[in-house]
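The following pair of complexes shares a single chain, chain A, combined with chain B in the former and chain C in the latter.
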Partner chain A sequence: MDLRLGAATPATDDERAAVASVLGPPAGGWDGGERTAADAHVAFGGHAARARRHLLLPVLHAVQERVGWISPGALDHICVRLTVAPAEAYGVASFYALFRTSPSSSAVVHVCDDVACQVNGAEQICEQMEHRFGAEGTVPGSNGPGITWQRSPCLGQCDRGSAAMIQHAGADPGRLVLAPFGPDQVRSALAPAQPATVASLLAPAAAAGGARGSGLARFLPGGGGV
Partner chain B sequence: MFGAGGGTSSYREAEDADLLVLWGSNAREAHPIFFHHVLRAIRRGARMYAVDPRRTSSAQWADAWLGLEVGSDISLANAIAREIIEAGLVNETFVERATTGFDEYAASVQPYTLDRASRDTGVPASLIRQLAHDYARADRAQICWTLGITEHHNAADNVFALINLALLTGHVGRYGSGLVPLRGQNNVQGGGDMGAIPNKLTGFQDVAANTEARARFEAAYGTPIPPEPGWHLSQMFEAMEDGELTACYIIGENPLRSEADTGRARKLLSGLEHFVVQDMFLTDTAKLAHVVLPATATWCEAEGTVTNSERRVQRVRKALEPPLGARDDIEIIGEIARRLGAEWGQPSAEDLWNELRTLSPMHAGMSYRRLEELGGIQWPCYDEQHPGELFLHARLWEEDPAKRGTPAPFTPVQHDPPVDELSPEFPIRLTTGRRLDSFNTGVQTEHYATPIRRPETLNLSPEDAARLGLAEGEVARVSSRRGSLEVPVHVDQTLRAGLAFMTLHFPDQVATNVLTLDAWDPKSGTAEFKATAIRVDKPGQASPAGENLNAEVEA
Partner chain C sequence: MDPGSLDSYRAAGGYEMLRRAVSLGPQGVIRELKDANLLGRGGAAFPTAVKWEAVASNPVRPHYVVCNADESEPGTFKDRVLMEQDPFALLEAITIMGFACGAEQGYLYVRGEYPAAEARLRHAADQARSHGFLGADVMGEGFAFDLEVRRGAGAYIAGEETALFNSIEGKRAEPRNKPPFPAQSGLFGKPTGINNVETLLCVPEILSIGGPAFAAIGTENSTGTRLFCLSGCVEHPGLYEFEFGVTLRQVIEAAGGVRGGRPLRAVLLGGAAGSFVGPDALDTPLTFEGMRAIGATLGSGVVLVLDDTVDMTGLLRRIAQFFRDESCGQCVPCRVGTVRQEELLARLARGTPLGSARQELALLDDISAVARDASICGLGQTAVSAAISAVRLGLIEANGTGGNGKEPA
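This part shows the complex of A and B:
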């Protein structure tokens, strides 16, 4: 496999650890690890290496959850370990809305603007989000509130829209679904996320949702489907 | 091999092989068309081994890479043979029926234990064993090689070592199995087929042994043909040195840049009494000539044929009128003959081809019309009913000894390390090769832009670069026992400590062959481009060899 690696900076220890959590530690220098004396005269790859290509999505999830985005260095490292061409891996990473290929804060608020949520006011909610937290996809640090939010395709909460999901990255990653969702929920939801606080989050959601029945928040463990 | 100077197999057979061993070949970059067939084989499930000092871009496709020390190929091949014999994996029927010299060969590989080969090559014994077993057990296996095998002082022995493995396992003469030397140019095979080999007449007919063929040529041309072989390139340079060769007529070759030890080549070519170069470019060699004859580009400005690595003769058609002053090679040679008193008329390319067909039996059935209709024909093609041969040496599998013909001999060979020895003064092994974007001395590629081409570099392992304190792009002074030059460093992960790499693509920037050694193989005449002992210093640092190393030839 020809790998044209282009990252200016290599993968960080965190990113490598995230990849290793799925693939196990690298077998040596040719597998993305430290070069050792044993690498001087022997390498394995070929069919055995390419047979692991199906692990691309799990590995991307692992890095996204640990670091919050797929950096070029992380992408290169993943490509070396799986013998997947960087262009191909980047295509996958940039296709799915839950993978980010630019830096972000450790939590990203995904606000659904798909058909069912549009019916339930998704556009107004996005306007409010922009008013409060700045433009969609704003790089953290450049906006005062330090919150990254973005529009999202369907989150699978159509019966409870308009919906949002907060994606937490870090040592203890997770996803918090808020439906129905209102911008007021963001601050409290981003307070140290603990399952125990889920119940308290419901109150403002219910208020925002008015008489539309009780809102529901679900805390999903990391590694769920895209 | 076995009397036929060509690869045994067709490209399409590679696609149907179960195991491909790329030995001393970076086909991904140097033979990209062949490598497309390799990729199709891989996609169909074939396994691939790469045997190469560098973990090249070809090796990165391999199931296993054996990163042997430069020049340890015979030790590796003999150990594979010993393991195949010890494990009872010899194809005994084939060996008994179709070969000679097995016992002597088996005795000759006895000293090459896996451990010994592991010491010579650096490759773990377990991996050598694995290759031996996989090669012997495969239904269809090919060994494909290039200059990594042949640019050594013992080139022919290296090739024999690989042929021996195919004989041992019966991986020759059958569809999908074979021995595949990849040719580096579109018509290297054709050049050899046409008799541009000192000991062969056209059609690989031996000039000394084949008296019948010699008589045929003598009758056709009405002149005696000396039975003694001529000189090959390395011998010609030695003859220039001895003053025996004083006039030289070079067609389409740039030896000033492609020969090892550029300093010596320049001195000898400059010292010729009469020197004529015929080329489509004013090459650096041509600049030394007394007479330059501008030729047409044979791939688009002239009619003719080329022959590729699978022995397929193909028509070349004239598509463009040559620029003013450039003349067809046939015309130029004919005019020279006329000045020398021989009137050859004005034959067309097809006329000459038909003349060839009367003299070279293996081309006899290849009329221009058939070449066109069949999309090229693979020799041998003895008459106009013969479709050509997909693969060679099928006769070795015949039940009937009469049809089987002369058996193929095992040729025992011994490990013989490179001539240019590593020493504390010259501790790094430099090997040379090609890159995808450029061709040989660059004459044919330097005028074409490509985004992936970068200037010449000395590729160093990360370990050596760190030890020498050389960063990416920093200029280093490289010295061998023959010369010295400066070149930017490229830190290359595919190299191990002690191994460096350069190309000869950019002679105007870096005259790589100032460094190389012209020790050549007496059997093939090839110089040992693949193994030079060098030292690398920061520029300005005093080299222990002192002044005599500053013989910078390209002043």
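This part shows the complex of A and C:
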């Protein structure tokens, strides 16, 4: 496919590494690698090249987690690697709420204010967040360390009171769900003194702990407990 | 049981039902589901056996199976609890589905807001693969099945089955027109079986006790058990499992009743895409047919309890805002209708209706009718149902005539 790329700045090394973590290193000039003399004498494209489109979301996730947003340069690089038109890829990246297409803080706090949390004081929590971290969506400084908060639709934690999820980008990325949530928890969850807090959630060891969440209560005749 | 350990799952009888499925054969598994009369738990209540049979008998290859774990309906958390607490059971269930549907590749699409569930499923899949429960020769039984865990990226609409296919394919999660149904043309245009987490987890249970025994639980048309997500103004919010036939009152009482002993104002059943019912519906059985009779829906099992202190207008505006935000924008009735609904509810809340409150409510009816008739998918079709039910219950206080104060002639 003859891709027309428009980004002023090319993808950074971090962005390329994030893409390669999903797709592996590029094979040559035809899919985003170094162009060699041999590349001029062959052509790769067609169905085989376009059949990798299904990897677009995993790749976008990887870049989002590593860098905190999908820059135009990163998007162009992804397009070359997957043979997807830039307009198509931008349409996808901008469709999903967990991808950002403008520079963002490394930590984004999604505060649930949906129906169940509203009944549990989500509005007061949003007010406190505004007081503490500025207006919803404020990005302090340019891309880099910092905390941005925004309202979120239901996070599926309705049994534990008002909830929030922290999306944390960087070399040690993670997503951390806090429920019940209070604004005081944000800094401690992200504190460098506890670098394992975000990552530990993704570790299977934490999964075995069983400290999170309420169980399933069964009310079946003769069914006994859980 | 330890959700991180395959050994602990097997010690509790894990993977015995996959063994039984293999001995029954694909047709035998589907026959059991048919005997069990299992209906989908994701919201649409479609017979599972019909789906599986249509995929299994489709001559086009390859076949795919997909587990829809993109649980995003406001108020729903059942799939999260199931996946976090028993990830191996879901793997076994989707393997049985792959076996019965003749699929060698499965996908598990987990919403991006469930990091713990995703981590546990990935870990479980790795363990299952290294012990031969996934791969080229599952359990040495001579069939191949593997699966991939995919992460959603924050789109409610991706929970619609065809939108989910598009999302896996690397596209915007926009629903497709149906027909063709997934069993004809699903993921990558191939025959695809797709079920919700809770539905899939009924399958090992059915194979364990047998289809007819499963059908004997619950009521005639709603068989088996059902999970209810209790939240809002109840003493003990959480996930509760009941046999079908239980009434709303019993479910709320099991959760300790209304918080602080306050009077019940309304219950939101089925999530934002569901509807409000009043205290008079407390003795209605929570079955598919019982809900249909009162014009409500079980949906994804949401029981959001609201007492007399809740700001109903605010709640409705949040629902309207939710649908406006989550509409994929592909078809007009939903894209425009959800905006009009939000504006209308805002006008009513401000007490400045266009014309009169009665005209506004008539307009809401129109929006609802058009969205229901002309939207491509269930999101648009149900986007106004909560507001309509709230009007019916008198939960919206339309502030007099307002506006120019004139009643229509």
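The working rule: the second predicted complex is superposed on the first by the 184 of 226 C-alpha atoms of A that agree within 3 Å, B and C clash if a C-alpha of one lies under 4 Å from a C-alpha of the other, contacts with A are read in each partner's own complex, and residues count from 1 in each chain.
In this section, a contact is a pair of C-beta atoms (placed from the backbone, for glycine too) under 8 Å apart; a residue touches a chain by one contact, two chains touch by 3 or more.
Computed from a predicted structure; not experimentally measured.
Q: Who does A:G170 touch here: chain B (first), chain C (second), both, or neither?
A: Once the two structures are laid over each other on A, A:G170 reaches no partner at all.
Q: Scan A:G73 for contacts with chain B and chain C and give back first, second, both or neither.
A: A:G73 contacts neither chain B nor chain C.
Q: For A:P26, using the defined touch cut-off, is the partner it touches chain B, chain C, both, or neither? Pick first, second, both or neither.
A: Once the two structures are laid over each other on A, A:P26 reaches no partner at all.
Q: Pick one for A:L98: touches chain B only (first), chain C only (second), both, or neither.
A: Second partner only, chain C.
Q: Identify the partner contact of A:Q118: answer first if only chain B is touched, second if only chain C is, both if each is, neither if none is.
A: second
Q: More residues of chain A in touch with chain C or with chain B?
A: Touching more of chain A: C.
Q: Could you say whether A:R35 touches chain B, chain C, both of them, or neither, answering first, second, both or neither?
A: A:R35 contacts chain B only, not chain C.
Q: Okay, in this complex, where on chain A does chain B touch?
A: Going through chain A, the ones touching chain B are 1-3, 29-30, 35, 39-48.
Q: Which residues of chain B touch chain A in the complex?
A: Spelled out, the residues of chain B in touch with chain A are 28, 42, 45, 47-48, 55, 57, 59-68, 121-124, 127, 462-463, 493, 496-497.
Q: Which residues of chain C touch chain A in their complex?
A: 2-5, 71-77, 79-82, 84-85, 111-116, 119-120, 123, 150-156, 167-173, 188, 225, 227, 229-233, 237-243, 246, 254, 268, 272, 304, 306, 310-311, 314-315, 318-319, 322, 325-326, 328
Q: Which of the residues in chain A come into contact with chain C in the complex?
A: Touch list, chain A to chain C: 53-58, 60-61, 82, 84, 88, 91-92, 95-99, 110, 113-116, 118-120, 153-161, 165, 174-177, 201-208, 210, 212-221.
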